[in-house]
Each structure stands twice: as structure tokens, then as C-alpha cells.
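Given below, in the form of C-alpha cells, are the structures.
There are two complexes below, and they share subunit A, which is joined by subunit B in the first and by subunit C in the second.
This part shows the complex of A and B:
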């Protein structure tokens, strides 16, 4: 206890050195926390966008419909959606079910033609499980036949506004061209680039008519009550509707995106590693200096009869105290930055304005704090500080007291 | 222009429209006049979009309606881009990729080389009489020339265009204008053919204008020169190997 006391006093005897060292540690640690908050936030936003707009929790397709992402065939569809829908609705743990029809199309404003993803939705049920209806920023949601919802970015690209007329062109199930004149009923701003930039949403009956689907749909989306137990629910749904259908979770359907996410994690780890090394080098540097200039002091202690192990322990305590101070400061700063990120977010949109990004979110990233990670970062700061003290101190204790005293 | 001698020949061949009674009879005679066994030509494609005109050139080979090969020669950017069509499949070869890619699915709707033609339009090879119910709905005058007007309605589901309206020149017995409609009845494209060349008893269209009605201020004009018909076309031209040759 006495040693700890001495260490404590030593730390505050050299106020300036302590502040500099602790500051170096805190800068490193707060950047680690900042990185973590941003990455978590980006992942969470992407997941929310997928669940709330694109797939919900589970999606049912006719067997062999789903070949790869971005392909929307019309030759394998769910011919009897009512039957499938009713069977799924009867399963406990389901919050809502809605059919959708997705198809490749172009829209024309009479001047230009742009490729889009067409989507037919059930006006009543879709609102129950998706946020699309709450993202209408101008005009209104779908109501009548002949209505279309498009994203604000697409509207800008084609100079469209609420009330404008567009033509949607596609090929039906038989390969015959079909086209519909539609009135823009509302504009969507979802934060999901696919929806804001590339999508034309129409009532499902019209999509079925346009594509000659005779009441068929391409997919049925399911929202679960509990987001955590999708695996068992998927099995249940699959058993209930039979082998001519396939069920996927939203994660499976977006494997590519989560691969990017994994890749990003690796990138994050590399950046994190660099930040850690910089922080560690800073800590080593200041700690090394702190020990070196105190070698004569170590000589004095040895001359007074301090054993080597007690000297090492004393320095470990000092390293630990400085490390704890720096880590606490770093975590505090990191937390303040994180709170700002959670509340306000960072706007990257200018940076990516003209880049087509497959990642399903817009570039105003809001942070997401991970407190467990913060604890790790705190411990990391202390451990590194202690570790880097060990080597120079041990070296110093090997010197004869006389040499140590003479050391400058 | 058609010389008296050649017109006489035409009459001898029997492929004139005057004696035709029904829409399908007219179309069959149009086919006799225009469907060649094989052809070779140099083509210039003028693509007009919003007032600017871009020119592209290619050399083409075709056998019947089923096999076609095209290779772009101008401008430098498109030089070496090749297309191969066999029956209802189509491949594109781009020198930068060095590999042929099949054009399938919804890609077929897209514009070919930025023109008003879609790949679908190029791929069409079935006889209209086997896909459509044809009705002679009246007569009209186009550019001072009397025409029959035919209404074509799909009789099988697998057609690109659900209905078409055809203007057939009474004297030359060739179609001079076609309107292509979507299932919903919307006019999608308009083709007009304003120049023909009499070669070996055929009336071969040499100036074709395609207008995509869903865009504004756009048309593509295809003019064919150096046309040779019923030639011996080496079979190797219509192979993937030839398409991907270095």
C-alpha cells in the first residue's frame, strides 16, 4: 500500500509530464472509440433500411426464383399468394405479411428514359410492415390506380414533381412490351438509395396486369414480432408452406452487403490497429522519457535499499495510474464525440454525391455507441501503459546504484 | 427508282400487291419482295438525340432472318464492337473485354449502341404472319403514294409488340411505315422506310428511320450501302469463334 502511495505522489509530483502522457493516451483512445461508433452506426442504418423498406424480416419466393441479387425473373412466381399468405398469417410470432411484385422496367418522362426497379405493393398491408408509407415527403401515398410513388432523387434526375405524368415500360411474363401512363402521387425520401433513386412503386393489381401475372406475385414479405429468433421462425414458415417455396432471412438476401460489411470490418480493424500503434507509440515515448529521466532516482532508491522488484512494482503502479487517467480522459472525450454522432451524425453526402453506392444507406451517418467496446478500450490504455514501463525500468534496475546515480 | 423493265419482271414474279385480297396475302407478297436469302452491306447509323447527331458505321452480314453479324468500324470508340445473332440469341463482343457476352433478359429492352433500336428489334426473325392476326383496315396516302393499311394483332402470347400497324406501298409492295404498340395500346416506336433499291428482283430497304416514341427529339436513321444480295456467305462468320477472334 505504501508503494501505491509513493507511486501516486510521484505521478502528481511531475504534473506536466503526467498531463502530456495522459493526453497522448487519450487522443489515441478517443479516436478508437470514434471509429467504432461510426462503423456501428453505419451498419445499423444499413440493416434498418433493409428491414424497414426492402425485405422486412423474411421473404418467401417460389422455388428457384432467387438466383442472385438484382435479378427479378417472372418465370418462377408465387401463383397463389392468397393461399401462402393465409398459411403464414396463422403462424404465431408473425406481425404482418404483405405480397410484392418486383420487375425490371424503365420510366420515361417524354424526354428521357431511365431504367428503374418497378414494384407493385399491396396498399393496405404494405404500410403495416414497411416504413415506405411514412417516408412520403410530398404528395400522398398510393391510393388510386394510375398512381406511382418515386424517390426524390429520381424525381430530381427526371425533373418530375407531384402530379407529373410518366410512362413505365416493361416486358410482361411472355416477353411482350407493355407500358402504362402513371401520375406521380407522391415523392419518397427513405434514406435507402435504391428507393430514393431507382424505384417506381405502383399498386400491386396494376403491376400484375402490366406483367400478365394473373394474380401471381414475385415475393411475400414477413415481419416478425421478435427480430432475434428469425432462424426458428424461418423453419416454421418453410414447413407450413411446403417445398415449392423458399424462405430467406433478410441477412441471407443481403449476403453481398454483409460481405462488404465484413470486408469493412477488416478495414476497420486495420485502421484501428494503426490508431492503436500510434497511441501505443505515444504512450511508449512519453513513458520511456519519464523513466529515463528518473534513472538517477532509481539509483537513489536502490542505494537506500529498495529491492528491484519493489522498484519495478512502483513504476508499474505509476504507469497504471497514468494509463487509467489517460484512458478515462480518452473514454470521456470519445463518449462526448459519440453522443454528438448519435444526436447529429456526420454528413458525407457531398463526398459521394455522384457515386453509385451499393451500400443501402445515405451518407449522413449517425453513430451507435458500443459500451462494451469502450470498456475494452479503457483496459487497453491501462495495459499498454503498464507494459511499456516494464522494459526501461527493468533495464534501469540492472544498473549499479553508483552508475544509475551518475546517469544523465 | 424502279425501271419499267424491272417492274415487268416484278409482275412476272407475281409479287405485286394489287391482286392481293387479304392482309395476310399482302404480307406474304411483301415477304417475297423483301426477305432475301443472304445479304452483305455497309451501314451508316445516324443517331439524333436532342439536336446532336452522332454517326456510327458498321458492316453487316445476314442469312435469312435467322443469322446476322455486325461489326462496327466507326467511330474509333466503337471500332471492333461486334454483334452476332443466331435465331433468337444474341451476343456482343467488345474489344476491351475480349469476351463475348450474351444479351438476355431485360437487357434486350435496352438501346443498341445508343440508338433508337433495341436489341429486341434486331433479334426479330419470325414471320409476322405466324405471330399476328392480320386485317386490312383501309388505304392511305403516304408521301403521295397510295398504301394499304394493315392492323396486326398478336395471336400468340410470346411477341415483343402486342399490335402493329403497317403501311404497305401498293405499287412497290413493301412496307414503308410500321407503328409498334405496347399491350396497353401505347405507341412505342415508329419505323419508316423511305428509300429502296431494286436488286436482283428484290425491293431492298436502304434507308430506315426508327423513332422511339418514349423519348423526345430522337431518331435513328440507318442507311445501307454497297448492298449485295444472295451471296455466298462463309458459314464461319456466324460462330462464336469468329465473333471472339483477335
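This part shows the complex of A and C:
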């Protein structure tokens, strides 16, 4: 017969009370796990969208080109992309390299005119490192000069379809207005709002001509073999191509997005905290009742020579057992919800239909389970339960045995 | 041997000082079977609690085998309760989630006994109090008399020098009360354990060989007789 054994029996003295308390804990913890899974999933999706469509792993610009997100100047560009390209390709650990030209433009269907981000791509190389080519849902990928790829959302907004003609209007490098007639070759559905709603993709040669770049490009995108060691690779690339160029990782280029992600985490933490406080109040209430109704029992134990610490330990075991039951149940429910989120996901397409979100993802958010976090949540549940047990028990053990025995 | 010298105990209830004991001088030898009698409010429970190191006197000395227990720390008192003193309560005070066997085992948790020895002791004492067949029963599956037998077994299992019983029969019918008293007397003779119990019940007094009568916190009579009826 051990204290733990007695505690276990006492936990089931009031089965219903124990179940309700454990359930309160489990609801709190499972919602924490649910939120974590969602956040991880959303972040992972956003990261994938950025890497697979927007920047790849590393991007090279001419020095001073990159000032802030969403600005695409043409005064500082990479004038000799071939040289840079070749030097980078020689570095081990690189999976692919492709140049891009980004420029601010607007497109017109003859009636409406909408601002877009124009992008010139190397038809062959771009497919190797980006997923753009695999996201064509109607028509085909770029092939001939005069082809343009646009997103399905943009196509809807401007009533365009495969085969429609549009005019792209922009200012070239010298500030002169220039325009080009294009035929919609294909429609993209990438899941990245920027690409689906605000982008016109054309062959790089035409972009260069349109903008009078004379063979120059605005950026060179690099895909690494190993996604985890971009820091050292960035250094290597930087050393290889020299000081007139700058190299950025995809994370550096999207700092603002991960700042948003930080805010979300803070919000998630606050919600979690509230939930935990509610659960903690439940445990306090249960343990307070458990202690109060058993004060004569505490007196009896003290009369038999039990020390306060032993009695406190017995109640800690009780709180711990309830906490462990609630935590286990919470983690189980959280895991089941998480598995659902991973397998099926949550459909937000209706919610975000007409909202311009800067966060690069949409449609169905799929979860991403973090087992380490789940372990922390489990331990957290037990620790909170034990902590809130201490208060009523310490109060009860302070009573003299006579007073405890007489207590009704 | 238990000895009290000029023992006083005052309780403060609000602003009123209530004297529970007013100068108790007595001596109880080892192995005695003593009743402390008197009407309610006469101070019997208080005296018993002080002897049992559950309460402290306002003034005066209490010696157990020559040691002044007032001078013991609360840890020292707990140690004394752990090894020397067994308690039996009016309301039995068994732990409801534990079986008879487990309730009797509780005091032994604190003593480092071999598992086998522990088992033997528990089973032996439960058989002695006549509950050999009720070892696995929980308190709510037993009658009041049976529960009090478990409580007596629990008090005796650690082989203390004295058992203090506060109104042990007050919650029992007279037939059961008689049985419990007979049992206690039998155990007293067999184990030579000192039994001190408080009561306001004439029946209990009839059983005891010595009755100390209290009234208003003072000893008014200390009566001995050769042997109680069986």
C-alpha cells in the first residue's frame, strides 16, 4: 500500500467530479494542440508557397536593389546574368538557378485596367526550380513569344480565358511608357494569392525588351539541395559572385510575414493561457472540495503520526493523477483533431474569397503536427494541476490535528 | 506510565475564556484499563487529546514514561504518536476508499517493516478483533461495530504502549457497545496495552477497572475495582 495507491483510490472516490475536471483540462489542452497544429500548418503552407513559387531558397540582386518588399526598381539590375548564373551553378549543393525579371505593370482587356506584378521567366530553367509549371489548370505553360500566364482569380476579375488577348502596360528602365499585346496561354491556380490574383508571367526575353534591360535581369533565384543549411550556402554564393551583388534567403525576404506569424503565436499563447486558467479554476475547485471534505481524515492521519509533507504529497499525487488523465485525454483528442487537419484540412476558401491577405496562402489549410509541443502540453497540464493543488492542501495541513479532527 | 501535574487548559471562544481543565493531577500505570467519565463539557476529550499529543495544555506538565511531552517539538510529538499511541475515535474515522486490511495497514506505512511481517501482523490483528472474514471489505460494507473493530485493529497494529479511545461506543447500540468493550478489555489483558477511554456511558464505566470522574475540568472521583463484569 503506497501513498500513490491511496491517491489513486481517492481520485475515483467521486468519479463524476474527476471526469468533469479531467474533461475541462482536456478541452483546454486539446484546443491548444489544435491551434498549434493549425498555425504550424499555415506557416508551413506559406513557406512552401514562397519557396515553390516566389523566391525559391536564395535570391541574388544587384547591390542596393532590394529596399523593401513590394518595390521593384529597374535602376539597379544584374547586367550580366550569364556570368553570375555560371558562377553560382558551379557551387556544390545547388539544385538549380534561374533568372527572373519583376516589374510593376498594369494589364488591360480593353475595358478595365488592373495593376499587376509583371514577371519575365526563363521558360526552361524556371520549371526546374519552381512549381509554377505544375500549377497550370487551363491551357498550357509559356511556349511562344506573346504568351502570358495569369492566375485564375485575375482571369475571373477581368473576364479572361485561355486565348483572350490583353495588353500589358509598363514604364521601361528609362521611364518611357511601353506596351505589349499578349495572348493568355494558360491559367494558374497555385494557392498563392499573389500569383493567382496579381501576376502576369511572360517569357524573359520579352520582359527584357519591354523594359529595355538589354539582357539584364532583376534577380536570380537559387534552389538548394538541402533546405536546412541555407546560411552557409548564402555565404558561399556571396563570396563567389562578389560585392556588387547581394544574396538573401527566402526568410529574410519575407520577414514581415514571419512577423505576422509571431503575432499569431502571441495570440495563440494568450488564448491558450485563458483556456488554461479556466481549466485551472476547475481543478482548484475540485481539489478544494476534496480537501475540505477530508479535513477530519487529514486529522486522523496526523493523529496516527503522518507528517504534513506526506499528506501534501498524497494530495499532490491526486492532483497529478487528475492532471495526467486530463492531459492524456486532451492530447488524444488534440491528436485526433490534428490528424484530421493533416489529412483533410480546414477549408477557408469561402472566408478569404474577397479579402486581400498578405499572408501567402489560401484555400484549404492543412495542419502540421508538432509532437514535441504535444509533449510539452501534456507536462504543462500535469504541472498546472499539481501547482493548484498545493494551495488548498497546505492550508488544510496547517490546522492542528485536534482542530482538523473536530472540523465538520 | 502517564502522569499529569496541575494540568490546565483554557479555550478562547471569541472573547470568552473557557476553562476546560482546571488542575488535573493523576497517574495511570502501564497496562491499566481506565475510563475517564463525566458529562459533556467536563473536559474528558480535552484531557485525552493532551495525553495523545494532539493538543497542548495551557499550564502544567504531562509526563509519559518520565518525558515531559510539552517540551517535544511537533515532529517529536508526531514520532510519539507514530510509535507509542493508538487512537480510536467516536466516528471510527476509517478511510472510506480503503478496505479493512488497507485501513489497518495505514499506520504501518510510517514504520519500516518487512512486507511479510507487515502482512502477518495485519491479518493477525484483524482475526483477533473478529474480522478474519472481512479483510477485503470497505467501511461502507460493514456495520458500525465492525468498523469500530477495524479502528481498534488499526490502533493496535503498530503495537503501541497505549490506546486512547474518545467515546468509542457513543455511536453504537448497547449490545454492540458491550461487545466492543469486551474486546478492548480482552486485548488490554492480552497485549498489556494501556487503554484510556472517555465516556459518559454508565455501561462503559462498569467495564473499567478504574474510573476517573471529571466535572468542570476537575477530578471529582477516582474509583478502582478489582475486575469488571464479563
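Here, the second predicted complex is superposed on the first by the 388 of 408 C-alpha atoms of A that agree within 3 Å, B and C clash if a C-alpha of one lies under 4 Å from a C-alpha of the other, contacts with A are read in each partner's own complex, and residues count from 1 in each chain.
We adopt the following convention: a residue touches a chain if its C-beta (ideal position, glycine included) is under 8 Å from a C-beta of that chain, and two chains touch if they have at least 3 such contacts.
Just so you know, these numbers come straight off a predicted model, no measurement behind them.
Engineer: Given the touch rule stated above, what does A:306 touch, subunit B (first), subunit C (second), both, or neither?
Structural biologist: second
Engineer: Considering only touches as defined above, state whether A:169 meets subunit B (first), subunit C (second), both or neither.
Structural biologist: In the superposition, A:169 contacts subunit B only.
Engineer: A:6 contacts which: subunit B (first), subunit C (second), both, neither?
Structural biologist: Once the two structures are laid over each other on A, A:6 reaches subunit C alone.
Engineer: Does the superposition put A:297 against subunit B (first), subunit C (second), both, or neither?
Structural biologist: second
Engineer: One more residue to check, A:402. First (subunit B), second (subunit C), both or neither?
Structural biologist: So A:402 only meets subunit C here.
Engineer: So, does A:285 touch the first partner subunit B, the second partner subunit C, both, or neither?
Structural biologist: A:285 sits against neither subunit B nor subunit C.
Engineer: Between subunit B (first) and subunit C (second), which does A:373 come into contact with in this model arrangement: first, second, both, or neither?
Structural biologist: neither
Engineer: Give every residue of subunit A touching subunit B within the complex, in rising order.
Structural biologist: For subunit A paired with subunit B, touching residues are 71, 73, 104, 106, 108, 110-113, 115, 167, 169-172, 174-181, 210, 212.
Engineer: Under the stated contact criterion, what part of subunit B meets subunit A in this complex?
Structural biologist: Of all residues in subunit B, those touching subunit A are 105-106, 108-110, 154, 157-162, 180, 182-184, 186, 188, 212, 214-217.
Engineer: For a test of understanding, state which residues of subunit A touch subunit C in their complex under the given definition.
Structural biologist: Residue list for subunit A touching subunit C: 1-3, 6, 9-10, 12-13, 296-297, 299-307, 310, 400-402, 405.
Engineer: Quick one: in the complex, what on subunit C touches subunit A?
Structural biologist: 49, 52, 54-55, 75, 78-83, 87, 89, 91, 93, 95-98, 102, 105-107, 109-110, 154
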